[in-house]
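Here come two complexes built around chain A, the first alongside chain B, the second alongside chain C.
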Partner chain A sequence: MKNQNIDSIQEYKYGFSTDIENIKAPKGLTKKTIEFISEIKKEPKWMLEWRLKAFDRLKVSKEPNWQKPKFPKIDYQDLYYYSAPKSMKEKPKSLDDVDPKLIETYKKLGIPLNEQKRLSGVAVDAVFDSVSVATTFKDELTKKGIIFCPISEAIQKHPDLVKKYLGSVIPINDHYFATLNSAVFTDGSFVYIPPNTRCPMELSTYFRINASETGQFERTLIIADKGSYVSYLEGCTAPMRDENQLHAANVELIALDDAEIKYSTVQNWYPGDKEGKGGIYNFVTKRGACRGKNSKISWTQVETGSAITWKYPSCILQGDNSVGEFYSIAITNNYQKADTGTKMIHLGKNTKSKIISKGISAGKADNTYRGLVDIGRKASNSRNYTQCDSLLMGNKCGAHTVPYIKNKNSSSTIEHEATTSKINEDQLFYCNQRGLDQEEAVSLIVNGFCKDVLQQLPMEFAVEAQKLVGISLEGSVG
Partner chain B sequence: MLENLKIDISEIDKIGKFTKQEKEFRVKNLDFFNEKGLPNKKDEDWKFSDLRQIVSKNFKKLDLKIEGSKNENFELIKDFDHNHIMIVDGRLNSTNFQFEEKEKIQIKKFLNENFKNKRERNPLVHLNHALANNGYFLDVADNYKFKKVLVIYNIFTKNLNDNILNIRNKIKIGKNSELHIFEIVINRSKKNFFNNTFDTIDLEESAVLKNICINNEKSSGFFHKFRKNRLLSNARLNSFIFPSGPKFNKIDLEFNLEGKNSECYLHGASYIDQNDHQEIKTRINHLAPNCKSYQKVKKVLDSEGKGIFQGKIFVKDIAQKTDAYQLSKAILLSENSEFDSKPELEIYADDVKCSHGSTSGSIDEDSIHYLMSRGLNRKEAIKLLVNGFLNEVIETIKSNSLRKYIQEKFESGFYEYKKH
Partner chain C sequence: MLEVKNLKATINSKEILKGLDIFIKPGELHAIMGPNGSGKSTLANVLSGKTGYEISGLLKYKGENLEEIPIDERAQKGIFLAFQYPTEIPGVNTSNFLKTSLNKVRKARGEKELDTLSFLKKIKVISKELGIDERMLSRQLNVGFSGGEKKKNEILQMKILEPNLIILDETDSGLDIDALKTVANGVNSSRDKKKSFLIITHYQRLLNYIKPDFVHVLANGKIVKSGSMELAEQLEKTGYREIS
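Right after this comes the complex of A and B.
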């Protein structure tokens, strides 16, 4: 009886899809598609040229193949690169104008989009498929001079900022998926925090993949000007679909002198069913540049979804005394495959970085930590500490650690440690003895194992993430 | 400038006469090698050691044939009693097993009998398959414990000049037998040469091998050694490597723990200076339950020295109760030195204890200050601390006479101390 209950809980919680008619770009990756996207977004000419430059590069670029999890060949000509809910043809003036079906979907997901959510202090820029539906809390942010809007809007209203920073961290001739994104990105968030401003609330975007056969290509650009601070949350859920959906987002962060950016992600996209059928391909490029002195970028991620995840949120520590942090939990179950980690490139003096990675592997899943710590010749007195721990549940899964460590500076110190183990029998026994059943005990122990990372998350996320950790592993023990 | 090494098939005939099968094997492997050429940094295993670039920078040509035939005399170690094998430029020269029962030991020139064609990851192994013409095969019978240590003198003579040597050795140790080997590289050549060795070591059930290898003399030798170790159940292998001297040295060690309860240990210590380049690469394959592996590699880098450690622990799904540990530590003494490492874990069994650690950095200023406040000058303080750092590895050698010998050899190897 009990097992049955567990099974029903373990099914993907957010697996529903809404019937909304879609406008779609013509199928396939062609110049026409890019022109179509650019036109429908009413983009200026320079933006189209930028996209086409990326498209040209794409013709000679090849998909990377060094990652551990291999994936079936993607037919890029068989994908739709743009789809928008039909009711978005004319932009809604207020929440009342928004398609009620959309609002309903968000309610199911628990996204705070209407007035009462104001109390929770979250401003939401919800991306439904590819177009931002509504942005709340704009007034309050505008008063402080903070720009938080869909990137398509920023391209029109703040072209100087976009021109200056877009592609400055992830250039258009980066690897295949980043370039693909540069050519066909449809929407995403743009954040600019003016000098000496502390963003008064956590900015948050919920991404949601809806239409079948649609790759999502968000582009996020966050700029923290001198002496500013921002905390950004990114949460993801996707409805249950059978076909593999490609997701190749680009996220660029830029921190100037004394600025700090905290970027947190909970990723819970459809991982495929128990037989490994379906699921999202999550090939994301996230990179932050600590350009200024004393700047700081901190990445926190909880990765529980997607069939295949390739993700290496990185920090380029250019400014002297800059700090990069990476906290990660990656949970894989059934046939999921995750290859994730970070790159810390130390270029400035007295730069510091810290990496805490926790990988949990169950079922027939594979979980890889892959990271690079590179301390350059000129980065004197730099410091890195890396810790990656893996937990294995069952003997059909795998846990791997592939760190690259380069030190060219004699006054810098690098420390790296990694461990792999299983859940301690004694701890399980202890919990069982005190009345917890196997599932509860595992959830408790795993949450303890992840504590270092979970406590880095903002409050709203921490609770959700803790539940997610438990749900992701149910049914994997015993 | 030697852009890319390509070797003509006719060279195989110059080495010797072979059966049809062997000839085919050699030709095929030479094809494999010529196809890829010397490895460069695009090969994952050579990411930090671009051999193609290193060779092209240092060699104008690489000859297979050694000109000159000067004989040289070498003094044997007098510090302790030992058996010995003398290898001169890769050739088995003489042997002496005066302390042992002769019928238990067989030693001869190595002959390859395994002609299976398969693609290797390492192009230099193909090169060795194709061109190996020297080496030894040591076979120890079952149930025999060596009474004295066996010293292998590996001598490189002045005859070497832009030569490439392809050497193949094999050591097989029978059930319940035990052997201690002390391998020492003596380098008389002042010219550049390239030594490409392929070793196979087989340990039968409950066999024990202790292997100490020291290559500490400053030389312009370029060394590459691939050693494949195979351990059956309850076998134990204990390796010490002290590879400080050569201009280029890459030691690629593979340990296959095929039998239950087998154990392997690897200890390494080296001091790398000038513009020497040294890489230690290990791969430990845990293929059976209850095995143990332990690695500890320490390096001190000075001047423009570059040190690399790539270590991988692989645990197969049936290899439950595995206990694997790996630690690499480096001290950088100079602004121009570099240490790169890639400690990898690939694990498919859940009931295991696997961990690795890797650190690199400068000498602790507090420790230097402590010693200086006790009257040492900075140079002496650093020397003492470096010595202590590396000695931790050497101290794990149990035999007193051997340990002392190595400690002396090692200290004389710290050349560039005057600078500090």
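Right after this comes the complex of A and C.
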């Protein structure tokens, strides 16, 4: 029998780094650093005050430690909190003024920013370390009254919207990493969809970490006004480095009456090498508020990268008849660890939530689903359905399901189903006998296992995600 | 087409095949009959390259030694196994699976890959010929299929992939008469000078519909008797005990 060639495993495709001159904030987490960030972003005074308030809070708060994946102590004074290409100091007026090295970087990542080659039907905001490099299709969107821009720009140009909604879903005193983000966040996207408007294209942000010893603190705020609809997607990659890098993002979504937000993530941060060295710590707070009646927020995530993924995209179902959904694929291979899930907080009447989670664990990896379903006293006739499936590959990995269920209303129902299975020898044999090699067979079987989630992704990204699922597991069976 | 000499196969330190010989020429159809536990399925597994067996002896396909060749490459070279228990693969569309499989095999043969449209056209014609309900193709692979549907699906795949050496592992077991006829029809309509068949079965029943050129009796890991169709008929009357 021929050995499956372990050496032929595809290396992390996005592991290159761009050699570029950077402007950095002084190292360390100090008031000075925060003032530096606020100043370089030309922020109004209220924003700086908001940040400093968070910083004060941070001084008295502690990192949470209840999660399954433990990590070595992070020296917050030994990090850079802001790093941006020098050429971005004065914001380029058009794409022609953007450093060709940056354009080239995104081209290599498969995200063409040039007018002619842009992805059709997808507007992209490209964030490089701590700044947004370019946003495409801005003019077309503006015509419809849609605002899609870097959050640093929104703070200057749309202060009323930012003031009203920033921190309204994730308060600055929420938990350590959310507070840290509030103090030092650098860039991310801002979206506002006016009433009764259907956003005509997918909006997406591509996050790239490039600089070393630098944390990325992304902040995204999406507001769907009454009767509007938007579909948003984020993608992420980072160079291969031996050190661990921190990505602590805050994402807030607000859906008003009859509005719908569909938020998809394809997370492919550098996962570390086969021995578990390096990789991104992906500690992210994502939360959506269905404020209005009949509103809907749907999270879809494909988590394949990062050394540690720790996130629970959540829905607060305040409005009557509002709907929250969470579709998740979390793949961990080698020494990767994931502790992910969701929180569905039912407050309004007739609120519904649905959770479909697919965890795949290979190598020596550890994969935990952790989810809270909380139906409040006033949330009559509310319903939740949860399905958690875990797939194990090999006998050195782990899968855990930790559901927290609270129902305080007797007219409401919660359903929870969970399965754990191993990748089946017979299935592999069957696929091999039909001419598929081991990698193709694994990819096919796992994609089948994830189908319910994959089909939630926007079409433009579903194919990419399918490939990614296959690549992430290469070398895991053989 | 297939040359097997003194084939021994051991799994979990138990010897299952104990020196088996069989020689199949292009265009021939051989039936192997044998009681439970005689090594029938092991033979099918070993020929298709399933791992986990310790193998010795000669195993040649189209003059090439098979020993070092993995399952998927054997399949691409034209060895097809119709499974006794086709496995379920949830979430995988039957038609997509077939297309992936066909294009892998075509690529290996140096043929152009088929696009979706030409593939669907091809599969439509073959399903009709076999009397298979097309709706089966849009379902998840073997998931919730009845026993008959699973076996029909195997025959459909056999027809589409156009292999050279076809092994049917107890494809007839558990089938009602209609499904049995579909299977037989699929085999008979595929027979030509370039294809060889090895039909593994427990009962003579299938051989009423498919006429073999040779019948072999497998017992205790060896071919103990070979002959023509009359041998199968005799077995049906006397049972295996008389022979082994």
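Observations on the model:
The rule we apply is simple: the second predicted complex is superposed on the first by the 466 of 478 C-alpha atoms of A that agree within 3 Å, B and C clash if a C-alpha of one lies under 4 Å from a C-alpha of the other, contacts with A are read in each partner's own complex, and residues count from 1 in each chain.
Convention: a contact is a pair of C-beta atoms (placed from the backbone, for glycine too) under 8 Å apart; a residue touches a chain by one contact, two chains touch by 3 or more.
Keep in mind the model is a prediction, meaning the values are calculated, not measured.
Contacts of A:179 after superposition: neither chain B nor chain C is touched. When the two complexes are overlaid on their common chain A, residue A:420 makes contact with chain B while staying clear of chain C. Contact with neither chain B nor chain C is seen for A:328 once the two complexes are overlaid on the shared chain. Number of chain A residues touched is higher for B, counting chain B against chain C.
Using the contact criterion defined above for the overlaid structures, shared-chain residue A:411 touches chain B, although it does not reach chain C. Taken together, the chain B residues at the contact with chain A in this complex read 44, 317-318, 320, 330, 332-335, 337-362.
For chain A in complex with chain B, the touching residues are 66, 377, 390, 392-422. Within the complex formed with chain C, the chain A residues making contact are 1-2, 424, 426-427, 429-438, 440-441, 444-445, 447-452. Residues 48-51, 68-72, 75-76, 80-81, 83, 85-92, 97, 100-101, 104-105, 108, 140-141, 157, 161 of chain C touch chain A in their complex.
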